[in-house]
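Presented sequentially are two complexes of chain A, the first with chain B as partner and the second with chain C.
Right after this comes the complex of A and B.
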């Protein structure tokens, strides 16, 4: 994952928790679009972000595992937006837990492919015990 | 969040599935039901009109791909009508432009079925 550029100014962090259900994915999509609108993204870039975040939430839901909620953390900077999408189990395991190696999402299909195509950076891990996490970054004007 | 599904038979024996709104993980089952019902009734040449669709994700694409696979088993096909640049871009990225016939208007999509 790329580190923020030295000239980049951190604008703020927004955290959102939605129920891990399909009917709430649109809320995450629209919320992230509103955050992205605070940065100088083009309309097309915001559309890319909306789709990528929705795909990430869909993957988390499809991986299931009984998690009740999806946590979405948006770090906004002047140069980029970094978004973490993880299920609740992932947070519960604590900071001391070692992050598992990147694993393929079972039947990942088009979702991961689309995120990789639309975002500038993507890291993801799927662990049957500890949950799913996707961390992605979109740079302004990239 | 909304999805509108309207199925109609055109004068040239093709069936048109007109979709409007957003096709995502929540709404795509409704689209799948409409397409599955048509195929189960023996209609294998379909036009799916996406002109009024504002948003589609991978689950929506999956429904379209599933429909195409099923009609092809019966010698049919699915043509799409799509003018939204953002949605066209998704078909481009995923390579689905090579699998579906994608047209700018319904007349062209129906003509290509013949």
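Right after this comes the complex of A and C.
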């Protein structure tokens, strides 16, 4: 996963759980924007983050298989913002299940590629049985 | 957020896309006349992808048509550079290129300045709309009512209210130069002050005009006394008069000046 850079200082963690419905995605967008605004991100980078988070939520909703909620964890450091988006029923199966975005398969949509283009780092896991998880990082000044 | 109607279309397209790229490579290698047409076909076949991506950036203050246009440039670049032997799907390859082209367009347009302004403007109009709607509706408006009134989304209203000002706030102690040392200059150091020299200049102009009421001798005395700081005794010697006389003339001249300046 992402090794924190030596000069990086952890600022705080924000956890958010929203209903797994499209009309709640805006709440995640706004929350992430407010968190990103506490780091020295440019307005453009904040817009990119919002877009990436919305795409991630959309993927989780589409793949959710009836899951009721999306869990969003934002880890803010001086050097980067790391956002984890996963459906509530997600069960971690370890590193081996994670894939880089280029392995996206049919039906998972273009959102993965879009997030990949907007963020510095993306790892994700989509599985009908174990649920969906996307872990993405945007670095300050990258 | 967005349903993805593209999925089926894309699935249908993949085999065909691969086939078209294969034929395009062959046509290019052999300088065959069909290359241009194949390229055009590929562009048209993927305009949906460009549109899908451009729409995602449509809330950033640029016209969607413009975004589609620059996105299409990105698509064409991607088509020209794509190599089937990379083993990735074309959409995987093209998306970052198209997004990159759209983002570069924003950067070239100085977008970093534009978005806060959009939010600031919205922030201002939100405040005005709140006042107006409170009166016309007879109650404090809901975000939905504000959004309808301003033709904006509810999220934009919330964002404008929460972040509209925050985007723009900088501490006066923000260092502009230096690296935290004593010589570092902060924003506050650059705040303009009233220049005392400017008031001096005005006084000087008034004084010059007032001098015109004085006789030639009075002017000489005041000039020597105040500009050259020469003593009354010395002035008396130069003008060949008594020191008492110089004193009286100086007194009278100053009174004249005072009268003229007070009249203004």
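Here is the rule we use: the second predicted complex is superposed on the first by the 125 of 142 C-alpha atoms of A that agree within 3 Å, B and C clash if a C-alpha of one lies under 4 Å from a C-alpha of the other, contacts with A are read in each partner's own complex, and residues count from 1 in each chain.
The criterion applied here is as follows: a residue touches a chain if its C-beta (ideal position, glycine included) is under 8 Å from a C-beta of that chain, and two chains touch if they have at least 3 such contacts.
These numbers were taken from a predicted model, which means no experiment stands behind them.
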Combined model on chain A: chain C and chain B, fit or clash: clash
Which superposed partner A:34 touches (first chain B, second chain C, both, neither): second
First (chain B), second (chain C), both or neither touched by A:113: both
More chain A residues in contact - chain B or chain C: C
Touching partner for A:42 - first (chain B), second (chain C), both, neither: second
Identified clashing stretch of chain C versus chain B [56-64, 164-172 or 254-262]: 56-64
On chain A, the residue positions that both chain B and chain C contact, one per complex: 22, 25-26, 29, 44, 47, 51, 54-55, 57-58, 109-111, 113-114, 117-118
Chain C residues within the chain A interface of the complex: 1-2, 4, 6-7, 10-11, 14, 49, 52-53, 56-57, 60, 88, 91-92, 95-96, 99-100, 103, 106-107, 111-112, 115-116, 154-155, 158-159, 162-163, 166-167
Partner chain C, residues of chain A touching it in the complex: 22, 25-26, 29-30, 33-34, 37, 42-44, 47-48, 51, 54-55, 57-58, 62, 101-102, 104, 106-107, 109-111, 113-114, 116-118
Of all residues in chain B, those that touch chain A in their complex: 1, 22, 24-26, 55, 57-59, 61-62, 86, 90, 93-94
Touching residues on chain A, where the partner in the complex is chain B: 22-23, 25-26, 29, 44, 47, 50-51, 54-55, 57-58, 61, 109-111, 113-114, 117-118
